[in-house]
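The structure appears below as structure tokens.
We just call them A, B, C and D in the order they show up, numbering each chain from 1.
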Amino acid sequence: MYTQKIAITFENHKQNVQKMAKIEEIQDIVVQTRRDILRMVHKVNSGHPGGSLGCTEFLVTLYNELMDLNDGFDMDGIGEDLFFLSNGHISPVFYSVLARKGYFDVDELNTFRLIDSRLQGHPTTHEGLPGVRIASGSLGQGMSVAIGAAQAKKLNNDPKLVYSLHGDGELQEGQNWEAIMYASGKKVDNLIATIDLNGQQIDGSTDTVLPMGDLKAKFEAFDWEVLEIKEGNDVQAILNGMQEAKNKTGKGKPVCVLLHTVMGNGVDFMMHTHAWHGKAPSDEQLATALEQNAETLGDY
Amino acid sequence: MKKYVDQGKNDTRSGFGAGMTELGRTNPKVVALCADLIGSLKIQQFIDENPDRFFQIGIAEANMMGIAAGLTIGGKIPFTGTFANFSTGRVYDQIRQSIAYSGKNVKICASHAGITLGEDGATHQILEDIGLMKMLPGMVVINPCDYNQTKAATIAIADYEGPVYLRFGRPKVANFTPVDQKFEIGKAVMLNEGTDVTIVATGHLVWEALQAAEALETQGVSAEVINIHTIKPLDDEAILKSVKKTGCIVTTEEHNYLGGLGESISGLLATQHPTPQEFVATQDTFGESGTPAQLMEKYGLNNKAIEKAVLKVLKRK
Amino acid sequence: MYTQKIAITFENHKQNVQKMAKIEEIQDIVVQTRRDILRMVHKVNSGHPGGSLGCTEFLVTLYNELMDLNDGFDMDGIGEDLFFLSNGHISPVFYSVLARKGYFDVDELNTFRLIDSRLQGHPTTHEGLPGVRIASGSLGQGMSVAIGAAQAKKLNNDPKLVYSLHGDGELQEGQNWEAIMYASGKKVDNLIATIDLNGQQIDGSTDTVLPMGDLKAKFEAFDWEVLEIKEGNDVQAILNGMQEAKNKTGKGKPVCVLLHTVMGNGVDFMMHTHAWHGKAPSDEQLATALEQNAETLGDY
Amino acid sequence: MKKYVDQGKNDTRSGFGAGMTELGRTNPKVVALCADLIGSLKIQQFIDENPDRFFQIGIAEANMMGIAAGLTIGGKIPFTGTFANFSTGRVYDQIRQSIAYSGKNVKICASHAGITLGEDGATHQILEDIGLMKMLPGMVVINPCDYNQTKAATIAIADYEGPVYLRFGRPKVANFTPVDQKFEIGKAVMLNEGTDVTIVATGHLVWEALQAAEALETQGVSAEVINIHTIKPLDDEAILKSVKKTGCIVTTEEHNYLGGLGESISGLLATQHPTPQEFVATQDTFGESGTPAQLMEKYGLNNKAIEKAVLKVLKRK
């Protein structure tokens, strides 16, 4: 099991031949991904739609426009940008984005959280799903991993970047601050860590659970380059902000993007509340939600 | 054999919540801490009734353990609440130094133990927590079998002075022990006397053991079923007495066979009375997503697996 | 073992009857404590003199002038100020200060790090040593404990304060940042956490091991009240600074004191270097060190 | 019995350091990480010779484990270094998820294991690390017995693909295994054939077991001594073969008897061949400050304790 190496080459997707030109094309994937998320969690009556929907624009844009990706997948990812999902509970959006990018068949989304599936409740390498490079789910571990991968890139003289995504509640875990201190102290400047600033966690808003104060001030006090994307559910704003973030890499500091998102974005009754952090919609709720997001690329 | 009746399926974590509610009313020293999992731990009523005695820590389990240790200084009896993985493996060294070695009166209460939490998958399904906690000197390790027993255990540990690990689960399971039971730490509960084989079970597997014993009875096998709700201190006497009578044993737990209750019993028997034993436990694998029933089937953790193990161990007598 | 309660009443020390008036008296204890530290670690050829010497003025002043202490010891410490040593490796200074304050007989300092002693390599409650309320040694845990004790005081309507001490290198442990975020988020304003800012850790200066940047900015970004004592080995500066710190308690924020100290202070060849973090002096080195610190209150 | 000669006392951690120096020269994929304990881990030479391949993490062990996992992505073979407590209990969940479950090729190298680190006392003396690491699916757990074997093991694990826990110690102990040994993961080493009793030892206790066997020989007891340097995967075959011959076993390790090598063997024997066993291990207590020799004496971890256990188990045959 542990020595098994997965290495695949995409057949139908020469994805890097040309970047998508139009916001509308990205937006189409966004809407389809929302449908995927909703249908996945509904089917198994479990999973985390709220954070997933909030990060859909970001992850779709990242994989389809921002990252330099190889035409295939192997664990080492040499010569390509890497992404690490630290807040593993938003696996639905991750799986949909990977599938629709060609890492595996979209039909496999049908197996989400079912027994014997590669699409575990939280992402894992254990079942050999292409696109996943680390298990997550237990919060707070992903930034360290991303730093390690970034330092490996430096050792390998690989100029590509490492991206990571973290929940805001997740930042309450101390391991993040170890990593944050280390990344600036050791000048890991090929890393762009994005924080999903939706202001929500399980038991309520971050302000009611544990007020986190000014995150920008915190990252800056830890000597990071910090950049805010105020409209974190707007594709153009993401494109602009992330381009700026890329421009800030390679200058001696790690880069943090504070991505202001709306939990449950794109489904009116799921928005702005922690209630949908980890709850699946009923049949009627699903129908309503899907109505608000008409099929674009075709359901799996 | 004695028939046990399911009074209606319920989750053991709700038994914990009910116990906390009662403690909130009866013991002003009891305080509760939670790491952003109030709903999962079923402690909302305790919080509503005792808002000053609740500490929302946020997603910071290490800090929670330290704060709990600190709260004992000043006479509080802190009950910490999060998932079993984050109650043990995530904070092992904090528990070790600030609670166990320091001898602090903290109750570490852990929900979603084992594989039956289901769909969240392996990162959340700890199958090592019994082993983790049993290795700590002075730690009491308790894994009650149903709602009623979990409630009784929750109430009982408040009166015990010293660190306790209390493990319970997410799925609704048969509730079959007496409503008004007295919970005695470290005292095994004889559920069914038998002569051919000893089945020692803990947690969710106790009900399964009873089902297996019933099925075995129809095959002419008389199984003694013991509920080991307290894994540490282990009721050596009850176990030895039983195996001296039956001559073989099956141990069953929702845990890796390495390091768990089964191995504690192997160690006991090896030094006192070597006995053929079979383990019904996970076989050193991580779990995965699935429904509790599917997972118990796939990972060999149900009454059928116990029955099979009994038939196997009987041949080895 | 776990139910054993120690409760002692000091016989010879009605310590709170009157506070010491003169700096010189404190200074005498400081010098004697230095001798105790040096003789303890020398005798067993192990232990941590560097950090101990650097914090001697602080701990002596804290226990003899700043803290409100009961005339005895029990675990709960109700109605008195409490102190928690998080950087447990500087146990020599802690033990000397406790002994000379009357918590146990100074002769017991002879048993430091010997088998069957209550004076373990790192402080522990396990052997029932009066004055110690938590084990430490594994770094990074003490601030959480201090917060818990501070919150217990609030529940008990006990207006007294909680003090804690932490190494600067120790702040690299993430649990501290969980605690730091929590203490301000939950307004734990009866806590004064002091950082031993000696700029050294085991493998070298903090700047060579892992640059920690501006600690004041960090604590402030985490919404603490921060105060610096630039002359952390000067008794008068400590008195002034800590009085100011006390004045800042009860105002909704936890208080951090950045205590600039010199590792190995008071022994010329031990000063300003990590080399003496955890090394005992030879016979000759001890003699030299003791010469520089002539007996004041009498050796144990 | 075969005489083993101490080639000169040395610390096993220096064997690790020497192994790292060699790996630094021979395997460009090997990188080292340390959490502010370079001197204790004896890796200064590796650092001097390969400054680019060394990562000083500072006092942040959780971060170290995550960074190590990340470094494997890109093909590195990371060796992490800190004390055993901070290599295991402090970071259990990080190892569990980011290394073990993720199947990452990280070598967790842990010095100052057990009680023999001496004066620092219980907060540093982990006696549970074997148990912690053996419960993780897929983790290889190795505890070599002397300088030469530790060096050989360090070199060998670089060629094995997958997570490994390598445990070694602080005190200078007898160095008696061959300089140029090949280290085979999972393969027990037969040190002395005997017929009356099997002594299975790991780590520092192997030399003590040999001393005990010599003393027993003068009393007419023929002890088989096996060095179990790999606790997981356990060499079941070697153990079973031996106890089938001798009919009784003493297991010895610098570890709590709960959860360690001894219990793994109890579990194995209970399912395969129930056998009288005695444990020479710590008895579920924390350690304390003292010299290594004093502590081994007080906590019953030396050749005298092994000899006593053998005489006891022989009576139980």
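Note that contacts are C-beta pairs under 8 Å (C-beta built on N, C-alpha and C of every residue); 3 or more make two chains touch, one makes a residue touch a chain.
Bear in mind the structure is a predicted one, so any value in this text is a computation, not a measurement.
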In terms of CA centroids, furthest away from chain A sits chain C
For chain B and chain C, what's the span in angstrom between their mean Cα positions?
-> 40
Length of the line joining the C-alpha centres of chain A and chain C, rounded to whole Å | 44
Distance from the mean Cα position of chain B to that of chain A, given in whole angstrom | 36
Going by residue number, chain A touches two or more other chains at 124, 126, 135-138, 172-175, 178, 181-182, 185-186, 210
Touching two or more other chains - residue numbers and ranges from chain D = 57-58, 60, 62-63, 85-86, 90, 93, 96-97, 101, 122-123, 286
Name the shape of the chain contact graph, picking from line, ring, star, complete and other.
-> complete
Along chain B, where are the residues that touch chain D in the complex?
-> 85-86, 88-90, 92-93, 96-97, 101, 122-123, 127-128, 131-132, 134-137, 232, 256-259, 262-264, 266-267, 269-271, 274-279, 284-286
So, in the complex, the side of chain C touching chain B is made of residues 1-4, 75-78, 82, 84, 124-126, 133-138, 141-153, 155-156, 158, 174-175, 178-179, 181-182, 185-186
Can you name the residues of chain C that touch chain A in the complex?
-> 172-178, 181-182, 184-186, 210-214, 217-218, 220-223
How about chain C: which of its residues touch chain D in the complex?
-> 44, 46-47, 88, 113-117, 120-122, 124, 126-127, 135-140, 169-170, 172-174, 201-203, 208-210
Can you list the residues on chain B that touch chain C in the complex?
-> 31, 52-53, 55, 57-58, 60, 62-76, 78, 93-94, 96-98, 101-105, 138, 161-163
